[in-house]
Amino acid sequence: MKAKKGQVRVITGNAVGAYGAMVCRPEVVAAYPITPQSEIAELLSQFKADGVLDAEYVEVEGENSAMNVVLAASIAGARVFTATSSYGLVFMYDALQETSGFRAPVVMVNANRETPGIHAVSSGQQDMISARDTGWVQIVVENDQEILDQTIMAYRLAEDYDIQLPVMVNYDGFYLSYLAEAVEIPNIEDVDEFLAPLKQQPERQKLVPGVSIGCGTHGMEMGYVEARYKHCMALERVKNKVDEIDKAFGDYFGRSYGGQIEEYRTEGAEIIVLASGSAAGTVRTVVDTKREEGVKVGMVKLRLFRPFPAERLIKALKGKKAIGVIDRSLCFGWKYGPICMELKTLAVNIGAIPILSYIDGLANLDINVPHIERVIDEVNAAAQGKPYQEVTWIPMEE
Amino acid sequence: MKAKKGQVRVITGNAVGAYGAMVCRPEVVAAYPITPQSEIAELLSQFKADGVLDAEYVEVEGENSAMNVVLAASIAGARVFTATSSYGLVFMYDALQETSGFRAPVVMVNANRETPGIHAVSSGQQDMISARDTGWVQIVVENDQEILDQTIMAYRLAEDYDIQLPVMVNYDGFYLSYLAEAVEIPNIEDVDEFLAPLKQQPERQKLVPGVSIGCGTHGMEMGYVEARYKHCMALERVKNKVDEIDKAFGDYFGRSYGGQIEEYRTEGAEIIVLASGSAAGTVRTVVDTKREEGVKVGMVKLRLFRPFPAERLIKALKGKKAIGVIDRSLCFGWKYGPICMELKTLAVNIGAIPILSYIDGLANLDINVPHIERVIDEVNAAAQGKPYQEVTWIPMEE
Amino acid sequence: MVIKHKNIFKTESAWSNADEKLLCLDTGSWRTERPVLDKEKCNYCGLCALYCPPQCMKDMGDYFEADLAFCKGCGICATECPRKAITMVPEGEFADEG
Amino acid sequence: MVIKHKNIFKTESAWSNADEKLLCLDTGSWRTERPVLDKEKCNYCGLCALYCPPQCMKDMGDYFEADLAFCKGCGICATECPRKAITMVPEGEFADEG
Amino acid sequence: MAARMLASAFVLEGKSVASFPMYGFERRGAPVVAFTRVDDKPIREKTQIYTPDCLIVIDPGLLALTTLFTGLKPEGVFILNSPKKLTEQPDENLKTSGVVNATQIAVEEIGRDIPNTCLLGAFAAATGWLELKSILSCLPDYLSGDILQRNLKSTERGYREVEVTKW
Amino acid sequence: MAARMLASAFVLEGKSVASFPMYGFERRGAPVVAFTRVDDKPIREKTQIYTPDCLIVIDPGLLALTTLFTGLKPEGVFILNSPKKLTEQPDENLKTSGVVNATQIAVEEIGRDIPNTCLLGAFAAATGWLELKSILSCLPDYLSGDILQRNLKSTERGYREVEVTKW
Amino acid sequence: MVEKTKKKSRVFNYFCEEDQFAGGVAWCSGCPLELTARFVPKVLGKNVVFVGTPGCAAPVLHGQNVGAWHRLAYMASVMTGVPSKATGLSRYYRRIGQDATVVCFTGDGCATDVGFQPLSGAAERGEHIIYLAYDNEGYMNTGNQRSSATPLGAATTTTPVGKIGRGKTTVSKNMPLVMLMHRPAYMATATLSHLEDFAKKLVKAKEKVKEGFVYLHVFSPCPVGWRINSNMSIEVCRTAVRTNYFPLWEAEDGKPRFTVEIANPKPVAELTKLMRKFSHLKEDGLAELQKAVDERYALVKNLCDAYK
Amino acid sequence: MVEKTKKKSRVFNYFCEEDQFAGGVAWCSGCPLELTARFVPKVLGKNVVFVGTPGCAAPVLHGQNVGAWHRLAYMASVMTGVPSKATGLSRYYRRIGQDATVVCFTGDGCATDVGFQPLSGAAERGEHIIYLAYDNEGYMNTGNQRSSATPLGAATTTTPVGKIGRGKTTVSKNMPLVMLMHRPAYMATATLSHLEDFAKKLVKAKEKVKEGFVYLHVFSPCPVGWRINSNMSIEVCRTAVRTNYFPLWEAEDGKPRFTVEIANPKPVAELTKLMRKFSHLKEDGLAELQKAVDERYALVKNLCDAYK
């Protein structure tokens, strides 16, 4: 560990997002306000007004433009940042696809919120799920400190020459965006140092005036296939890269998160709860209690959602007796929650064990201790060969 | 069969889409032109100019508005129609989510095309995949006649009181949109008759001026969960409904398509090719040849993509020895093609047999006979226990 | 699945209906000041009632009276009254009334 | 996987570069008529060259000449020439030339 | 469009047809390919045609393409729009060819460089797969009025003026 | 905001804290709830608090809520902003309560109806979980200038004027 | 004792309907938006169908579960879809002969920014809808961020004042004139200090929407975001008119005319001093703002004069 | 024999750069868009960065695999993102001191319809970009569908003529004036018959974009879609100017002035007869179109007069 101790402040998840961006010295920032993200846009504006942040700040007229602005600036060579949530995320959908297709290393934080359809200003991971086919890297974090640390790691990942992909850092809106915790804000020079390895890499292609070069050209037939193939291969490379960067971050700053997934008390565990986001924190506490009661339960926290960390999940879950997956969102057209549905793709590799899908915490509802206890009890029973229910909408049964 | 013989015309898939809409007597139509769909917008305009189509036709300024127009008209009580493709589909993404969340029985045809990111004016199912999390019903068809028949069936499905969901009818852009085939256009009175059962059902809620009633209200907490739950349950109901309507259509018009999936020579088959869209037609011919050669191969054609026809697929595939899945699109973040990835979710139920993923036909490339022969040969080898490659990008190996 | 949830909406999607439930806040409790009328000065022009944002002024025949259940105490009526017939008085002074 | 495909792009994404490959169509073949100049009438004002959409007129010092590799035969030069120095002649008449 | 007219004509003769064009990226000028399948049974393949029975070339410039005849079936027929006659067998696979100056006929009859219907006439004559009258009776589905009349003439002239060679 | 100031004060005393509000749909006026967790160990739960150790009520109107005290731990503390004193034990679970007329103090000191900092003072006094000076030294992180001075006063008065009852 | 005239204001005569809203709705104290929302259906009548979106007017358009804030029909929308939804409704209602006044009711943020494209499109198509934009010069519901309608120099949470920052650096989008150039069947500016003027315009809007598109731009200060004392918000409206900061005019078939003319306009400082969002402006800042105001007023005046 | 003056047109003096395009580019024969695309960088120079989108100008912006149609830097975009992408580029280039002229190059369809919102937003923010909209009055690349810029009565594939249909039923969006009301640093209308006028405006655009936003609206008839003989497209441009159908003007800092004034404007029928998209119009149809043209011209004229 080389980094000096940073400043500890009690700030909200949103403020953490803003600080996380700021210490990475983005050069072009564009954002449009939306609950529960607005505070980020405001704070970055304030940083700029106070001369603390030396960036172009573009007050765009909508999210679609926010993404286009940072995409283009990134292609021109800038380090860029933006932030959104829900309605904003789905309104920039075409731009999201373009950004990953152009291989622009944009970093965005997304404060998870329910998507339009049924109007709601409330927490839920549906927006993240809605963007799973955009070709972005998607990471989910659990608490405020992780928002900050992951934002820094996101730059190191996105701008890596072997990756060149946009990265979305997701955190639960409301539950984290407004949660004030004590957070250590690293010194900006230490962040410079951590991101310095990027400078040793070959330069990525940039759009330069006066040079006969064009970006976003038509990929014709095999040109198209090639570009898509490279995109998919880069996503494959992301998996190990996430582990490596997490380790490097730990070595340097003294905090690390397990990379693609985190295993919590999985050693000797017979059953596993798979969770992501802020709910993972609560799951930890219940795992501890249940362990004390003698239940051999562990938790796997999904940190990387895109690309889906298939290999590490298989490794972590192989040999277990049953799994419960908690989803804070829906997978339309399937009975299971989306993370559960994707996990089941690996069922053949994991073994034909019970995988129980739980849908909970939609629309600001709590994923609380009794809910998680229930999950563990049911998964435990299933592990012992008892009959079980494949899918449970917890709130509908209360 | 009761319907009289319709008029046979040699027209393109797009024209078929326009006729398909017209015979259902939509009251409000909105569309924005885009290759390869534009012909639909043009033909519907011409029908209207010629007095053949008695509908409001709204020449919107973009696809996002097209969807909003028909959504609202539908909520007011109208039968509505729209058509798009690719860039248009992803630009109306927020509106797509709203439409399904509002449970508006909008019918849309989508001429499949590659999505932005890498610019391309070419065929591919990526747009359909990009919309899989919108809560829409998504159906894929194989040929021109099916475009027309499925459009009619789509109204019967969407407006069914037990369903009340928007339905997207997908067909391969270029390969079908511009393909001229002889198509039977049913008599409009027969279509009226086929859709008449909708009139016997209870009326869905409509937005009426002067009445204290509001649509798209905030679903708070359990209100939200309830609405989402109903949405998911309606999607579950779609599955059987699709089978029923297909049967009813067959009884009445003499053409039917198998409902959620079609099984082609699956009886006695040991290996299966799972395909969708226009490629399925070519697969049929290769299956026939291979059968003659003694290979016990059959095809399953995926017609319903959302909701995913899990139960019928399990039934059709259980006991087979190996499966090859042909995807004309990608599932970012997974190695497999998207339909293959979803199919694998069912692997535990189907049995631990080899499932081979093939990615082919991107960006207007052909999914041709040699490719399909290769797929069948490899799947056949895998069925015999030979080692196999999990994922193959066919064009990259050529 | 044992659904214990009792449906909130009769419809498939989320429709609201004021006849079923008219949402209403106790905005009277926001008030820190209360409009007090000097009936002598009032000439029943109704400007106070017209400008009152929550439109909570009741027509009393020859003067207007704020509905204290809803009056937010903004003071617009007092400012806008051409006759200065309305005064804003701190709520504290009415504490005993309930 | 045995990748036989040879990369088209050097970069990760799709970048084009006219120095590497300047796309160019044989637009000369679109022509059904060809501009023919009467040098006597021409006063070298250059309007034909300025208005020519594909900008295919070459400056020959005291007159302009269409590059027949690219001239699309639109006839604008002939229409716009203030001296009527250009005539459009059907390509058929030049069939033997090539 | 011509491909569709051809398809309609075959349908009139009781065949199944499937016809589709592949567009280039460009607005115009770049080669556009159209495929038409004809069969007695329903057509299920939805692919490009790699081994055609007949090749119709509208732009004689394409003769320079080395791959032009790749896949053309033995006994295949080749129809060419060109003012010049073929002096030698363009491809060894090729047994029958029909050349017609469709551009000129079109310019004369229709007044514009739209050689397509003329080539349909030539197709019917050179292949013998289709009656001229089937084509003629399909045109009114696509054209009307004066333009129709002109195209009917152009088709007929194609039928009559095509020069068929057996190699 | 008040919840965050409280959290900061605890951090100053070396505790771990996690504090978050739940917003209603409305712009203002509707009840807004904020939760603060304090612990010696890192806090991992990210849920609402169902069984609080202390309940601070800013709007006395909420006393009418029948569920107000649901979950309050035995030995729990209840802080109320009200001009009126509590004449009877509001809930049988409740052992300690502190009442202060924070609205009035705020109006007097700050000039506006912002009773929050005053209630923090009352909280420190009634619970004894926190030193007054920890709160006071946190306020400059959130406020400045004249407003800070006024709030400091308001906090102190809350600390001094809260009327603590043990039931 | 003062002589009482006992004559109620004429504005009452424009009302054809009771207040359609619940007594207690969650608008901030003193907010003219509340007055706007309640006033509009009183004049337009029961067959108003509101189309609305997130923003401070959400009570106009979003119920909560089965509950609603008012007794009118309405449709909630994402910010990107308001006028398009109104189009769908109005087209169908007209088709079936259903009497309806379809009213889009959004803030300036939706109208000038993230929902501007469909608004412009609906105007171009001449849809039979009324679009009412209440202009509080920012995104208020999300916490007072700048919108395209935020004026030069104003401090908002995204154009904050700081060491370097001096409020918004560009003038606002001149939305009334931008919309005039769309040549709606009818359009007008209005504000809450001039209620009879507003009522007349609503009456005209209801009439002219039968011919085509109607746009209403309502100046609606935000006491909370602009930092105005709650009792002064109507006075702010009035002062905006009297300083020519917000001139009152209307245009039938593209021909503008003033409905209120100000003989001796006051300086804009009279307006800015009523609120604190401009309190950091020094003399030069105020002079710049005054220049922007003058320039804009001259533009409207020129156009009005041309059509006299 | 006519006396030869041997004096080359002055327009040549505005060129500072060779043609940047390949000799053979896939624009239709006689299309003024091709002339526009080739003309612009000749005047603006090598550091132009084009941002473009699908449409007939795609060659300006989309290469094909590694190949490109021209030798300039460019960025391709979806239709919804052009001015926002230009913003991102221009902000960064200015920040690092890179000389660049960022030019959005789109059709009217993108500018007035599906890409209008970001255009309006960029104008409001005063971004340092040039937005050039070539106006061929429809979506040409997708097959001549109507756009918001399609004029009253014009037949397109989505406003076709038929038993009932009579072409477009609404007037076009008055885009130049809508943009004027955004008060760009500079804006101008231009067309291809008046090349010196156009060149001067480009030179001014390059200068004024240093101060803020620049909008150029270039009338660019589509020989194919409008059904004009290919040799007549420049004449159509000229006639559009001479009939006041498309007046030539510019506005620095919001102050419009004519750059070409027409003494005796010809009736619009002189224009419509040069193409077939209006050929179904009877006398009344033409009269309506004439009225629309007159009304619009009067509006510009009033504004120009006001700033004289």
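General observations
Just so it is clear, A, B, C, D, E, F, G and H label the chains in written order, and each chain counts residues from 1 on its own.
One rule holds in what follows: contacts are C-beta pairs under 8 Å (C-beta built on N, C-alpha and C of every residue); 3 or more make two chains touch, one makes a residue touch a chain.
None of the values given here were measured: they were computed from a predicted structure.
Common neighbours of chain B and chain D under the contact rule above are A, E, H.
Least step count on the touch graph, chain E to chain F: 3.
Of the two interfaces, C-F and B-E, the higher number of touching C-beta pairs belongs to B-E. For chain H, the chain whose average C-alpha position is most distant is F. Of all chains, the one whose Cα centroid sits at the greatest distance from that of chain C is E. In terms of their C-alpha centroids, the spacing between chain D and chain G amounts to 55 Å. A straight line joining the Cα centres of chain C and chain E is 80 Å long. Centroids of chain A and chain B (each the mean of its C-alpha atoms) stand 31 Å apart. In chain H, the residues that reach two or more other chains under the touch definition are 26-27, 62-66, 68, 70-71, 76, 78, 80, 112-114, 116-117, 120-121, 124-125, 148. Residue positions of chain A with contacts to 2 or more other chains are 35, 59, 61-62, 87, 91, 94, 98, 101-102, 116, 118-119, 121, 212-220, 222-227, 229, 231, 364, 393, 395-396. The multi-chain contact residues of chain F, meaning those touching 2 or more other chains, are 25-26, 28-30. Interface residues of chain B, counted against chain A in their complex, comprise 87, 90-91, 93-94, 97-102, 114-122, 129-130, 132-136, 138, 216-222, 224-229, 231-232, 235-236, 305-308, 310, 330-336, 338, 341-342, 344-345, 347-348, 352, 362-365, 393, 395-396. Interface residues of chain B, counted against chain E in their complex, comprise 8-10, 12, 35, 121, 142-143, 172, 174-176, 178-182, 278-279, 281-282, 284-285, 364, 366-369. Every residue of chain F that touches chain A in the complex is listed here, in rising order: 3-4, 7-8, 11, 16-23, 25, 43-48, 50, 141. Note for the complex: chain G touches chain H at residues 112-114, 116-117, 120-121, 123-126, 148, 170-174, 177-178, 180-183, 254, 295, 298-299, 302-303, 306. Residues 8-9, 14-28, 30, 40-47, 50-56, 62, 67, 69-70, 72-76, 78-80, 83, 88 of chain C are the ones that touch chain G when the two sit in their complex.
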